[in-house]
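Presented below are the structures under discussion, each in the form of structure tokens.
Two complexes follow with chain A in common, the first pairing it with chain B and the second with chain C.
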Partner chain A sequence: MITTSQIPSTAPPITAEVFPPATRFERLPLDDGGVLELAIMPLPAVNAADHDATVAELVGKATDWASATTLGGDPPLVVPLYGTHVIWSQRRAAVIGTADRLPAMQAAVADFADREAELRDIERRIVSGLEHVDDDAALAFEFDEQSLHRRRELAGRFREAVSLRQRLVVLAPAIHRPAPQPPTLAGQLGERLRDRTRVVERLEHAVEQADLLERVYTGCGDRVAEFVSSRRHATLEWVIILLLVVEVVLLAVDLLATHTS
Partner chain B sequence: MGGGPGGLLTALFLQRAATRPLRTTIFEAGDRLGGKILTPAFSSAPVRYEAGAAELYDYTPVGEDPLRELVAEFGLPTTPLGGATVVMDGAAIANLDDLGTILGSDARRAVEAFDLHAHGTMTPREFYASDDALPQVSGSFTGVLDRIRHPAARRYVESMIHSDLATEPDLTSISYGLQNYLMNHPAYMRLYCITGGNERLIDAIVARVDADIRLATRVVEVAATPGAGFNLVAESVRGTAAAPFDAVVLALPLQHLAAVRFRGDELAAALRQHCTRFDHPAHYLRVTALFDEPFWRGRIDGGYLMLDAFGGCCLYDESAREPEPRHGVLGWLLGGNAAKEWATRDDDCIVAAALDSLPAWLGDARRHLLETRIHRWTAAVSALPGGWRPPSIDRRHQPAPAAFPLLFVTGDYLYDSTLNGVLDSADHVAGWLAAELG
Partner chain C sequence: MTGRRVAARLPSIDLLRAAAIVLMTLVHFVENLAGSIDIHDGPFIGANRYWWMPTGFAAPLFTFLSGVSYRLWADAAAARGRDSEEVSKITVRRGLFLILFGFAFNVLVWMPEDVFNWDVLTLIGTAMLALDIARRTAPAVGLVACGLLVGLAPILRAVADYRAFWTAGFYDYDFTLGDVLLGYLATGYFPVFPWLALPLAGFLAAPLIYGHDGGETNRGSKASWRESPLVIGSLLVAVTGIVMAGRPFVPARLITHDRLWAMFPPTTAYVLGTIGGGILLAALLHGTLDGRPSGRGPLLRIAGAMSRHSLTLYVLHHVAHVWPLWIAGLVTTGDPDGLWQVATPVSTAVVWSAAFLFFAAWLSERLDRPGTPSAESLLRWLCDP
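And now, the complex of A and B:
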């Protein structure tokens, strides 16, 4: 855990005037190698009349703070649930609630962040893989001598496609896992974050795209294997022909020598 | 006989199953079709609300769901419904964390133990199949609730399920009580409604049914004729008329069925026995209020919550069914004895009690109130009492199979008092009737 004074240098300065003094910050290492900065903001004790305004103010501040890392992309999501609020962006998140709710909220965000980061990393790799599909798809139909030097490159992409499929297979049960029943706050928040970030739909798309990559590079592998095999056969046939020619020549020489002697 | 979902669905399925052209007539005593599926509008604003069946059940997590398929076939958009909050003594309990904080850790443990017992008693597959195998276990649901020793935990569970039961725990079976508890678990089923009003389903069926529909025409007498057919006597503003039919499907609520005169001792006795066998009335009362704005915005999550008022009632945020509602609509669903008792009181008294039942943190309802509507559904559904041995599915639909093989009965009360149940019932009758008529 780090305190307000230990905020990472990448974050804009946060002072006591910006966040309530009781706010804690944590850095959660994610599966994709990145870090999620999490602000844990206990709701201060205020009278009922001021409650809504206080919550709105905290949500506003947390949203501004989280926006700093979105780089002009989608604004942070604000997820209200049963008197608590989660402000979510890919690198920064904040949880706002009464002190007794914060551990459950923190656990929900940490759990969700791991899965979301893993999915995001897979999506990024798929996008990068899809860039080559246009060029490589032709080789899944026909492979020739000029393409032979790309064998290792295609094998690498096939391995990457299989690796992506394997990661998706591991990730899918965690994403589809139903929330516990009877419901807990952590389960409800996890489910809400999953819905709002459309993780299930993204997973489905990722599976389809990874499937396309796998099919293209499986096809490429088949064509490469066929080409190499047929080339080996051709070479063998030429060797046999050459041997036969040599044999014929030797026979002819032998016959000629016998005849002339 | 009957222009509710039972009659309309039977006509639709019969039309699809028949191998030769049929002439179908639907008699409806009221001036509208749809029965308990009713989505009227307020008079002070063009805002619709559900006055009858508020939600449909989605069984697709477990198995086939013919109602979901029908809704999809009609191209009707749907909105999922959900809600985990129970309001007790003004405090919102939305999850186990709240339960532990507000009612204490003992109450939380008691609810967790009850939940474990409920899941152990009925699996999702058994829950799914329970429509076909109505409760056989002796004893009432009270016996199961008695397992919860913690009073607050018991009140929490009772408040959660009371309005769905539409009866009291001692008047219903263990299976039906557990069903109404487990329906809150997404692995067992999910809830949804039709976007724009559940009555759109009725409109879609009516648009496809090829039948002579006679509104405001009440069948008062059914008599068997010597040629194995039936003679129906119907009353309307035009007078009384009799007409012969080859087959009759009685798709009426039980109390209306009992009011029809059946000629002939054997026919009358068969129908009397049928009515007596299924006479386990359960009750609903719907109170719906229109507000100038959804003043509770952000405070009700998922479309509804449960209140501990009226022995446990459901409060629907009907505005949540629309993306950007200008007005706010709250609907109270009372069930069981509370519904029966409050149905006898005048509307103002009911509205005052309903508004008083709202927790203070929701906001000042009276300041925003524009209009209210009351719909009384006394004895509209069946309670399925404990230990009751229901007849076989065939026998349920044919009161006198040997003497009157072309007289059928259909209705939600033959199953679990849901729209899904009435669809199963209509499908059963239509298939059978189509086979009988060749």
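And now, the complex of A and C:
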């Protein structure tokens, strides 16, 4: 069994051409608009003595290949399971196993990649939304004339917050879906990937953060509606006051002019 | 842009205000020193020479810009987190200061009998008080107020018998409560109706011209064409033309001036045209000057200094030509008014006004030095916390 810590770290960067000739490459479109490059590598027939070394070499090459898209980020995950290996990064993944197991592994990785990509996209949008919270939180308490021009901007952020909540609501059941019973390789692989990428915890954090955004911008929306409504009434009152003032002025001028003449 | 900004002077506003000072100096020197010389069909150059008409923009521009500047200052103060009550206090103090300063100015420059002639300083002081209310109300209220101020002015003049207060082109009132109040409202030099519409229009137009961020430019905003200052300014100018064309249909009692475009009294066309012209000028200059990355050249530097000391220059330009006029009249004819409008030929008056403007440019930069007394430093000392 090979784990991440056992991957030779000094291996030179490799290109896809150095993989065994039987390796297939697939490009899987993801829900976030990106693409996952998937290398499907059947284990070559080797004698038992060379098996571990061959697997270690393939895993090392696949890890380097997957690392090329995570420059400066987390190293790819290596998930060993029942003699198979999955090397996982956000944009590249490789499955290594005997030919009969590869279709199930491929399906499991594709399924997981979709959900993970969706969650990652939501997280990215939440982070960019949270940047505005400091400035906007005051408007959830009190709205004034000076902030009126920001109405559309706040409405846009409210829509974005609701959209994030809606996506999380849709995503949560898919992530919490139990593995099939009796256990299958694909099901187990999905569980392992979910655990190793901490998808469940990330989902919980994302839900909390999206809740915060929704609360802030719901508050902003309420304050805006209250302000606009009271402003409309105040405007009408002021116009009535102006008309009364004008009437008084007209009367006064008429009286003064009569008195003067 | 989040609306947080540092209040910075806009070169376009400084240039416009400096232009108003130049026009004001020119018109007062020429009309007060030489207004009756070589004029065969009337006492005023302004009423008899169409090429002299641009000088009529000085006071409207000045008052319009007072509203613009107040809006930018108030918005910047709010953006800095300054308390609204504090802004109100400063505004009211400044308004009252300008009204009292205006009375003192009238007594010292125009003689005590003209203390209630309702000059531009008392108008701007009143405008400060009105703008503090406008600041707290929706723009629609200000817009309605503007319409009422402009629309009711001819009616008030008719009711008050405007012509009875004006003899030979000058405002002449009795020291009675009725005359004084009528002068303030409708018949004086700068009565509330319709002159208050100009600072109010400046206040309302400022965010459209300079953006809600107050001068950081409003480029890229999604403002509709209805909020474009160029469209609004052009519409007002077009309405001015319509008002002029509709003159034959106006009841004779409401017509207080023979001309379509006149300053005393301000005809409806004049008020609308100067507001529209002010908006167009401010928007065009803002678009061309304020976004320039290069610093201020000598012209803009001097314009900035003159703009910063416009109140001082307003007082000084009167003192510089009216006091000598009174003294020379008293000495040569025994009557302080003896040389009024006949003191010099027009060319000499123009030279004197140019000389004063050079002096004003020189003086303005020196007034910027810390601790130098000026009308502005007095205003700040008295009114600012």
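FYI, the second predicted complex is superposed on the first by the 221 of 261 C-alpha atoms of A that agree within 3 Å, B and C clash if a C-alpha of one lies under 4 Å from a C-alpha of the other, contacts with A are read in each partner's own complex, and residues count from 1 in each chain.
One rule holds for everything that comes next: contacts are C-beta pairs under 8 Å (C-beta built on N, C-alpha and C of every residue); 3 or more make two chains touch, one makes a residue touch a chain.
These numbers were taken from a predicted model, which means no experiment stands behind them.
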item	value
Partner chain in contact with A:V246 - chain B first, chain C second, else both or neither	second
First, second, both or neither for A:V200, with chain B first and chain C second	neither
Chain B versus chain C as contact partner of A:R101, first or second or both or neither	first
Touched partner set for A:V170, first chain B, second chain C, both or neither	neither
Of chain C and chain B, partner touching more chain A residues	C
Chain B versus chain C as contact partner of A:A22, first or second or both or neither	neither
Chain A-facing residues of chain B, complex	84-85, 92, 94-99, 101, 111-112, 115, 185-187, 298, 301
Touching residues on chain A, where the partner in the complex is chain C	135, 144-147, 149-150, 152, 231-232, 234-235, 238-239, 242-243, 246, 249-250, 252-254, 256-257, 259-261
Interface residues, chain C side, partner chain A - complex	2-3, 75, 78-79, 136-138, 140-141, 144-145, 148, 152, 155-156, 159-161, 164, 174, 176-179, 181-182, 185-186, 193, 207, 212, 222
Of all residues in chain A, those that touch chain B in their complex	80-83, 100-101, 104, 178-179, 181-185, 187-188
